[in-house]
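Next up: the structures, one after another.
Two complexes follow with subunit A in common, the first pairing it with subunit B and the second with subunit C.
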Partner chain A sequence: MFSFIIRRTFSSIPTILILILISFALMRLAPGSPFSSDRGLPPEVLANLEAKYGLNLPWFEQLYTYLKGIIFSFDFGPSFKYKDRSVNDILAQGFPVTLTYGLWSFFIAVAVGIPLGIAAAVRHNTKLDYLAVGFSIGAQVLPNFVMAPILVIIFTLWLNWLPGGGWNGGEWQYVIMPVIALSTSYMASIARITRSSMLEVLSANFIRTAKAKGLANSSIILNHALKPALLPVISYLGPAFVSMITGSVIIDIYFSTGGMGQFFVDAALNRDYSLLMGVTIVFGVMTILFNTIVDIAYAWLDPKIRL
Partner chain B sequence: MIGNKNNFKKVAMIAAIGAATTFASMSAFSATHPKTGEELAADQSYTYRLPDGIPSLDPQLVEGVESSIIVRDLFEGLLNQDDLGNNIPGVATSFDLSADKKTYTFHLRKSIWSNGDPVTAHDFVYSWRRAVDPKTASPYSWYMEMMSLKNGAAITKDGMDSKELGVKAIDDYTFEVTLDAPLPYFPSMVTHTTTFPSHQATVEKFGKDWTRPKNIVGNGAYILTNWTLKEKNVRERNTKYWDNANTILNKVTALVINDENQALIRFKAGDLDKTEIPAGQYPAMNKSNPGEAFSFPRLCNYYYTFNLSESGPEAFKDVRVRKALSYALDRNVIVKNVLKGGQFPAYTFTPAATAGFEVPEVAYATWTQKERDAKAVALLAEAGFSKSNPLKFDMIYNTDEAHKKIATVISQMWKQKLGVNAVLANQEWKTFLETRKKQDFELARGAWCGDYNEASTFLDLVTTQAGYNHGKWVNTEVDELMNAAKTSATPNVNYTRVEQIMADEMPVIPIYHYTGIYMIRDTLKGWPIKNVQQTIYSRTFYKTAK
Partner chain C sequence: MLVNKKKLAAMVDSASSQTPIEGRSQWQDAMVRFKQNKAALVSVFVLFAMITIAFIGPLLSQWDYETIDWALTGNAAEMGAPSIANGHFFGTDDLGRDLYARVLQGTQISLMVGIIGTVVAVLVGVLYGAVSGYFGGRIDNVMMRFVDILMSIPYMFILIILFVMFGRSVYILFIGLGLFSWMDMARIVRGQTLSLKQKEFIEAAVASGVSDFTIIVRHIVPNLLGIVVVYTSLMIPNLILLESFISFLGLGIQEPLTSWGALISDGAKTIQYGTLWQLAFPLGFFITGLFCFFFIGDGLRDAFDPKDR
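For the complex of A and B:
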């Protein structure tokens, strides 16, 4: 098991390097520059700006300086657009926000989704099952960019219960709507996957044997059926977790959270090279990290995979 | 948002105590407006929508309208603008102009920074040098060049020492500026944020972090208390501001709300006092919130430009084709049925709202649309295009819902009236800029908002050397007229002629002139709707009681 973890960890290093190289190349290939604007800057002003941000150097030198900064001082450089901030400042502001609503969303999606899926499977073809399936389908066809404004209309405009946006350092009133909007569709997916996987397991031979032995139903489900039934759920949870904690541009736009999702998209649109690189690297490392964790969890649940 | 009665009583009590103690606090807390006598709200705070995060609040690095509004609250330059756009004293109480019209001497008032240091002429010397210094790499150093400051261009371009800039502190309260050439509108230029003072000791101590709430030192009516990127920006009364006694508004909050429809919901929920009205929704908002929906002229135009350079299509080099496309475009439909916000159909490049500019009579503006359509059909036929040989071209615009609607409507008009096949394509902003700059297009959207309130801010764009002349239209007469206008006593004659030439040559298709379309809460007073440049100072606002 230990060697498996070591192996997985080391194999992720080249992946990260390739990620950096590809994002660096793609960014430079995109038309326009961080300083292009409607007005268009005079050449001498542009030259001063490029000199200040090192864009006048050959690309390999830029890449070298950049990598050196990250590896030796964990410094992602200055933002090209937000001139009063460094990329580290922006990550320090946006990441905790995203992490907060992402973790809560994940927690709620799992805490509601899995029990709902199990209940639906156990009470197969009953009203509860239909309700759970109906909810899942409903939640999936209602994307969060539709749900977010609806939530604001209901809870802010009509009921005046919750603030319609902002973050305020993560006060609970500000966190509720982003979490609902983000978690619902994941919750639905988790419930659906759990339900169908559970149904499959419940009709397996070893469950029939357990039933024949006269075990209590709750014991069958918790001790025998749950572990194998969760395997497909876990493979879904890994990427879902990463996409939740790296934020959603929709959530950030509609709830003005100041989170990372919107910075990511805007950095690309603004050609804010250093910010885009910084966010890509952090997101990339996290994706790889959680995929590794999922693999490890998988290996623990299913020994066949360790081989 | 507005405090309840109990709160109001409390404030009234505090106000009474305040009135007894000092004069300054009396005017800040008094329940009626000192001039208009309106009853003031207990809660003097103003909240508005920001469409996006603020890139910088450093006066020398700031760019963009929204950032400048905040910088004007936090810092104050030599001169300010009143609600009509006229210059009024700021830090400078007056100025003298030398006989050769090249030296301005500003006399500064005795005022202090938010940390108690005096605001002196040395602060302006430091900040102006900082603005032109290549090391600062100000994106607005070109603005300092436009100000014709002595040695300004040489410092930015050729790396001359910034100490050579034509600015001098004669004493602590006398600031002298030397220009390369007389510039009649120079005083208006010092109302721009790039010329505002920065506090040297703070800049040097904190580097790029000096504009953070915990570090910033300003000389404006407000101090920054919160600046969370893409979430909000809060500034509160600076009691050390020289005109604090006349400032009524205590707190200004800008909430970043990216989506304008979402912002409108927040306005309806009472979270915002001001927001923009999305395209097409003005009539509905005017009906649902009478007295809160505003539409007023802005100094901006909207047009499509033909690529007349080598890389442009052959067909566009024929003036008959250009005219046909312009004539067949029914501007009233765009304005009345698509935008619906009181915008003005445009037949000239320069908006009528521009100071001193009288819209010249251009023939096609006076025709009925039917007449224009008939002419368009005839001209296009003359140019050799017909149903069997239809005109075909690509038109590009930057990705945006309103631009898309307009482009779709235009292309349909052309299709129906002229049988022209215009293929639409939208491009993401930076790509669009690059495409247009490289003349890699056939017909492209363009728009311009005036830098200053005079027709040359628009008409200079169509001169041969102008960077913004993306269609690469060349007309030597226009170049001469615009050059002569700079020193002419009656520049309007030249501007009229340029507009007439443009109507004859049609290098661009003017479509409409902008209006500012805002929702402004009926209790918020003092919005400068007559200032076409929308130079805003929050300290001139106040809230009345409901």
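For the complex of A and C:
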């Protein structure tokens, strides 16, 4: 097990490098300079600016400096647009916000989705089951960018209970709507996957044996059925995490939380390439690390995988 | 004995008069099962109606999707509400453009993005997966490792960077979405190919000297079509969701063209002025369309693979 963890962790390093290379290549291939504006700067000024940010060097030297900065000092360089701030400053400002409601959403999606799926499978073809299935079908067409305006209409405009946006240091009133908007569709998917895999496991022979032994229902479900039933759910968590991170961009924009997404879209519209790359790489590394954790958890849970 | 002989003769008679039982192909079986699924069947009709409206509907309106009704500009909240009298069936948007024409135009674009992007993704994914699964061994290892790497990258960010750098045209949207969503298809197809290539008919083809390329195209791919159809139908709504996501951010489709995501985004920005119709109509089309696609996809999956529910 230990050697598997080591091996799996190391095999994620090339992925991270490829991610950095792709973003770097895209930035190099981009037509035009980030400093070219409508007014048109004099060529000498442009040259000076490019020299200041090291853009006049050959590409391999730029890549080397960039990689060295990231690996040894976690430094993503200066922002091209926000003159007085480095990419690191911006990351430090936006990242905690995204992480706060992102982790809450993930936690709630799992903590509600899995029990709901189990309950629906155990009470198969009852009202509870139909309710859960109905919810998971309905939530498929309610992605975060549809949920967000609907929530604002209900809770801000009609009921006037919650503020329609902002962050305010992460006070709970400001966190609720982003978390609901982000987690609903994943909660539904997790519930659906848990339900169908639990149904399959419950009809397996070893469950029948457990029933024949006279085990209590709760003990059958918790001790025998739960572990195999969770395998498909765990392999779904990886992709779910990736798209949750991507979805946070919408949440940041719509609720003006001041998270990473807002900076990302601003950077995209302003052609602030270094900030774009910084955000992409940080999010990418997070997903890759998370996928590694998911793989390790999977290997730990699945009896068929021998290490 | 006599009675028995008569019976026997009668049986032979009736047997010979019956037409031989026709074998049913996998596709006919699937059609029968699909037709029993009411939700899926209704969805097919609704979707067909929606496509018809999207392409014929604009002819019924005196407004087109980019002309601004100057009589209403700046006062959309009070005068832009849906009305038959001034010809704005769905009202107008914030600028005074006819929402009916815009929603239909957005429907066209969203459906097209979903379908064309899926075609690109399916072509790439099926070929990649079939080649990887058919050759196996080291080639398979390398090709699948590459897919693993691609899948663990949050490609949405890369895609947005692509849009920013190479301009925002509809074509980049089609191709970009397709090129970033073939990986799932490749994995599924590879798995199926691995088991298919053990079959006798592939062995027979190899023994009779058919080239690898012909085997893949003529023998492997046609046998994959069932599963490909199922995943294709589930991919279309996902691509529509992706496109709407990007357009919601204002990074996708460009004005005056529009799509469901862009319309929802516009409508969501103005809800505090009480112009609910600007959100309600695009959202209604979006939700109905996605529901239809998901129901059809589920129906197809049950029809082609009754075990897997």
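As a working rule, the second predicted complex is superposed on the first by the 283 of 307 C-alpha atoms of A that agree within 3 Å, B and C clash if a C-alpha of one lies under 4 Å from a C-alpha of the other, contacts with A are read in each partner's own complex, and residues count from 1 in each chain.
One rule holds in what follows: a contact is a pair of C-beta atoms (placed from the backbone, for glycine too) under 8 Å apart; a residue touches a chain by one contact, two chains touch by 3 or more.
Treat the numbers as computed from the prediction; the structure is a model and nothing was measured.
Peer 1: Would you sort A:G113 into first (subunit B), second (subunit C), both or neither based on which partner it touches?
Peer 2: Neither partner.
Peer 1: Which partner does A:P178 contact after superposing on A: first (subunit B), second (subunit C), both, neither?
Peer 2: A:P178 sits against neither subunit B nor subunit C.
Peer 1: Going by the contact rule set out at the top, does A:G102 touch subunit B (first), subunit C (second), both, or neither?
Peer 2: A:G102: touches no partner chain.
Peer 1: Where does A:Q140 make contact in the superposed view: on subunit B (first), on subunit C (second), on both, or on neither?
Peer 2: A:Q140 contacts subunit C only, not subunit B.
Peer 1: In the overlaid three-chain picture, which partner chain does A:G77 touch, first (subunit B) or second (subunit C), both, or neither?
Peer 2: neither
Peer 1: So, A:F283: does it touch subunit B (first), subunit C (second), both, or neither?
Peer 2: second
Peer 1: Contacts for A:R271 in the overlay, against subunit B (first) and subunit C (second): which applies, first, second, both or neither?
Peer 2: Touch status of A:R271: both partners.
Peer 1: Check whether A:V152 is in contact with subunit B, with subunit C, with both or with neither, and answer first, second, both or neither.
Peer 2: In the superposition, A:V152 contacts both subunit B and subunit C.
Peer 1: Looking at subunit A, which of its residues have contacts with both subunit B and subunit C?
Peer 2: The answer is residues 30-31, 148-149, 152-153, 157, 164, 253-254, 269, 271 of subunit A.
Peer 1: Show me the residue ranges of subunit A that touch subunit B in the complex, using the header's touch definition.
Peer 2: Of all residues in subunit A, those touching subunit B are 30-33, 35-42, 44-45, 48-49, 51-53, 78, 81-86, 90, 93-94, 148-149, 152-153, 156-157, 160, 163-167, 252-254, 256-258, 262-263, 266, 269-271.
Peer 1: What part of subunit C is in contact with subunit A in the complex they form?
Peer 2: Where subunit C meets subunit A, its residues are 148-149, 151-154, 156-158, 160-166, 241, 244-245, 248-251, 261, 264-265, 267-268, 271-272, 276, 279, 283, 286-287, 290-291, 294, 309.
Peer 1: Hey, which residues of subunit A end up touching subunit C in the complex?
Peer 2: That would be residues 12, 14-15, 18-19, 22-23, 26-27, 29-31, 137, 140-143, 145-146, 148-149, 152-153, 157, 164, 196, 238-239, 242-243, 245-247, 249-250, 253-254, 264-265, 268-269, 271, 276, 279-280, 283-284, 287-288, 291 of subunit A.
Peer 1: Touching subunit A in the complex: which residues of subunit B?
Peer 2: 52-53, 55-58, 61, 63, 134-135, 137-139, 141-142, 145, 156-157, 208-212, 228-232, 255-259, 261-262, 265-266, 268-269, 271, 428-431, 433-435, 437, 447, 467-468
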